[in-house]
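These notes open a run of structures that come right after.
Next come two complexes, and both contain chain A; in the first it sits with chain B, in the second with chain C.
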Partner chain A sequence: MKRQIIISLTALLLLNSAICHSKENFRERISRMENRYTSSDVDEEVRFGREIAARILGRIPLYNNNELNRYISLLGKALAGNSSRSDIEFHFAVLDSEEVNAYSAPGGYVFITKAALRYVKDESELAGIISHEIAHITERHIVKELNIKGMEDDPVAGFARFIGGGTDVAKVAFAQAVDKALDILFKDGYKREDELESDRIGAIICASTGYDPKGIVRYLRRIKDLDEKKANVGKTHPVFDRRISELETFINQEVGNIKSPLGIGRFEKILERLKIK
Partner chain B sequence: MKRKLRIFFGFLIILLGSKGVLLADDFHYNNIIVGDRAAGLGGAYIAVSDDAAGMYYNPAGVAYTVGRNLSASVNAYHNLEKKFDGVIGSYGWKRKSSALIPNFFGIVQPVGDIKLGLSYAVPDSIKEDQDHVFFNVNNNVDRYVINLNNDDNTYNIGITVAKEISKSFSTGLTLYLHRRENQIIFNQFIERTGPAAYEWTGNYLETNETGIRPVIGLMFSPADKFSVGLSLSRIFVIDSSSTYQFTQSRQGYSAAPTNLPDLTPSATFSVTDSKRKYPYHLGVGFAYFPSNAFLCAFDINYFSRVDDDIFGDKKAVINLALGAEYYITRSWAIRAGLFTNRSNSESLPVTRSEFSPIPEDTDLYGGTLSISRFTRNTSVTLGGSFSYGTGKAQVVSGSNSLQDETIRSWTIFISSSYSY
Partner chain C sequence: MRKMLFFIFMFILTVSIAYAQDVYYVQSEQAKVFSKPAFDGQVIAVINKGGKVELIEKTRNWGKIRFNNQEGYISVFLLDKNPPLDRIGAKKEDVKESGRKRASEETTAIAGVRGLTEEDRKRLSIEGKVNYEALEKIEEINISKQEINKFLEEGKK
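Right after this comes the complex of A and B.
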């Protein structure tokens, strides 16, 4: 009897692997396919992002250099002004970390590490890194992944909550979602398609702001050659070769060979003045 | 112990025996359809099961729940009516049960790459509160008074773990704590005015049953937009206790033709720890999702044979369910279903077992209908089900005579579900 069960289960698994096929989620119901975001959703996104930003700063301290933070903030706000999210206020800061990385939290919070700045050669590269992070926010990658939504004002929703019980579950769910978001940022990484999308959107933001969209490509090539122990970017990002290849193809097709300023001189002056240690 | 109980229940009341007290629908397995979406689909949910109610039907489907955190709550008003023709003289006997029950509550949330859930279900509930008076039943009974109070509820509460092995295959397990509580107070007073005679019997029966009900589920998708679900479950009673109190008194029926000796008021008490046996339940479901606005599902539920000397043998039964869901708009969906609730009774007449309810062999056929209103994170559903059947019952204690039986059952429910 036991043998028959094992044989049956094995056959079922083999059958499944034979029929395993990639397809869209056919179980998704039309009632859950609503993509419209309300002001309540944006409020919740900002609240959620603020909590994540606080947790990030709890792990990695802010780099204590007001002038550098102001510069990054000015650059970031110029880029964010050319993004698709005018409904949120963006915040930018440098983290005092030796890991080469950058982070973004929903609601407009963008961080870049001190180590990451060391490998930047011109302002367009820096703009590329920041634009990539802005794109994670504009495309709501974490918001969608974790289904972050605001409270509904609809009377039906209120009635559903009334007959369904209390709202403490929502508080617990919020805390769990924050933990999950931190896992995405520090451990698991974004989904590969989200990273590639951010590369593409980031390139458009750069070009729209007047920066060379290929700056990020040059930067990626540089850190690809770094010792893995120093460049922790690979842990939470897709392999560089694919990113670089797809991004170059995209820029050539969609942006073309626009000669944009690289901002080399300005950036070097700033670096010289700021003396990033 | 058994002999004592046989004496206790074998006492012949003129028409109805004490054995006939129980109404809990032990002869049917599909008495209350659990869940909101599932209830709208006639219970055809084994291959769908991708929300909180999946924990009850097929925990493997829970792996496909959408949303970070989802809960559902169903409150139902359940009504059951059984009518037996020509039982008390020319009178029929109608028994009704109605109860407002928290039919289902469930919450699911992802933890890592698995889904964990907690659910509570009430698959059966009886609440009778009745008083009957029958006049001029026959030459020996001018007035027959029956007072009956019966509460019989089955609860399942448990945890679920489900894992999506691949986009096309998932597995899950629900472990329910099974609890059944039954309390019956059943009094009969029979009176003859001339020559004066009376008989009084009072019964109190309480049964508490605790066990576990594991539900093992598999779900796979052999083709695009098509899913197949399998679930296997059974209730294993771990602890059971039954307490009986019986009081009686009779005067004036000693002469022919009744020849029943006078009885001074007396009371009997007894206890048993016999455990009820339940069938294995194997369910196979098929669901087709042609679009994101339409689905149809079909379930086959097999319940194995049960051999139980104490609570009665049950034959193997197959129940079917068929359901469909259609979104009229993004915010409104309707569901409809058909189902069977076939009798597991052996062919009548049967020899009554110790604690078996009134033997009956009546297959039920029913339908369900529900409408849901959706917002982005929530839904509210209003729905109902109705089932009907006619058959035979063996109501009179100590007799093999059969009576016509008609069963009507309906449930209305309101439910909500929401995700965070």
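Right after this comes the complex of A and C.
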């Protein structure tokens, strides 16, 4: 009996040591099998998004106004702190464009155009636009749309393996994925359900931070009117009526009102001082 | 006796799995817990990133949770069954480093890992298709937690 106990304990110790030894690999494998994202997936997502962000800036120049970019970054980082992606560093900036639009790239890059700012009336509206873009990143809409994680039959093949290989094939795949992502941002737009999901999550991020979640609804109404007047509104965030009605219903049912929203009057003063209008 | 031990083992296993399924982790930097499922409810606690909670009920946005012998409501979008990962930022040295290491044998592998080689990047920059300089300028905007808190406090005025 004593012998059996000693053998069992030794076996347990050996098993435990084997598990500890391969703990990291084991966790990585389990994560991939559960379709979870690992640190290396996130690392590659950031590298992938960085390339996309550099290409966005290659098409549309950065608006060189340090004070404005700092303000947008402060607001953006305050909002991002209330999002589900605390594993990435978010970056925010204004683009020098006359098209009313906003963009985001995987890994935490968010841009809003100078023209879009002209139609924003208060900080809650701006928070709504930025939160909507943050939500595209938190929900990994581009990564999922490109179906990167599921491109191979083997469930172990993750994002990192797809674009992180050292081969020429991996480099071509990487370049193609960047091109496809740019098509989504500049030509095709996100899937309708992704836009609606970003609206909902964006409203929650706004409310969690202390901004009026209905700010984005007011902004969308204004942009819809502008679009009807054939103004220069980006065509990658369409279907205003459905977005507005679904978002309003969601906010009324699930989010509620914020008694004293943040930033009342601050944005107007900043715009006036920076002479953007 | 063996049968009994087997049943006890299975019971413990089932209970453990059931319990484990209800445990969630806070994914955001911080998450407010409200007295009712609405953002105008009273904030009864703030749970930091990685905090463990037990999910009791769930609607489209709200989860009724139990934590530290208290109950409250939290946005389910901020919860996940897996603990959150540590923060990963863009590595600005990517471009410069790959340029410095060109002569070494590991260059090809490193460039491959990064998707594009330094030559690819230079070519794209010359063609005006990318702008890493502007990107780095954005990444250099440094904002501390204290500045964010001050910004939010000033927003209340």
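By definition in this document, the second predicted complex is superposed on the first by the 210 of 277 C-alpha atoms of A that agree within 3 Å, B and C clash if a C-alpha of one lies under 4 Å from a C-alpha of the other, contacts with A are read in each partner's own complex, and residues count from 1 in each chain.
Note that in this section a contact is a pair of C-beta atoms (placed from the backbone, for glycine too) under 8 Å apart; a residue touches a chain by one contact, two chains touch by 3 or more.
Source: prediction; values computed, not measured.
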item: Which superposed partner A:Glu254 touches (first chain B, second chain C, both, neither); value: second
item: If touched residues of chain A are counted for chain B and for chain C, the larger one; value: C
item: Touched partner set for A:Gly210, first chain B, second chain C, both or neither; value: second
item: First, second, both or neither for A:Val239, with chain B first and chain C second; value: neither
item: Which of chain B and chain C A:Leu75 touches, first, second, both or neither; value: second
item: Touching partner for A:Ser83 - first (chain B), second (chain C), both, neither; value: second
item: Shared chain A contacts, counted only where both chain B and chain C touch the same residue; value: 31, 163-165, 170, 174
item: Residue ranges of chain C touching chain A (in the complex, touch as defined); value: 27-32, 37-40, 49, 59-62, 75, 77-78, 80, 82, 84-91, 94, 108-109, 111-117, 120, 124-125, 128-132, 134-135, 137-139, 141, 143, 147-148, 151-152, 154-156
item: Residue ranges of chain B in contact with chain A within the complex; value: 50, 64, 66-69, 71-73, 75, 105, 107, 109, 165-169, 218, 220-225, 227, 289, 292-293, 327, 330-331, 333, 372-380, 414-420
item: Contacting residues of chain A [partner chain B, same complex]; value: 12-13, 15-17, 19-23, 26-34, 146-147, 149, 152, 154, 156-157, 159-165, 169-170, 173-174, 176-177
item: Interfacial residue positions of chain A with respect to chain C in the complex; value: 31, 36-39, 42-43, 46-48, 50-51, 53-55, 57-59, 61-62, 69-70, 73-75, 77-78, 81-89, 91-93, 107-109, 123, 163-167, 170-171, 174-175, 178, 200-201, 204, 207-210, 213, 250, 253-260, 262-263, 266
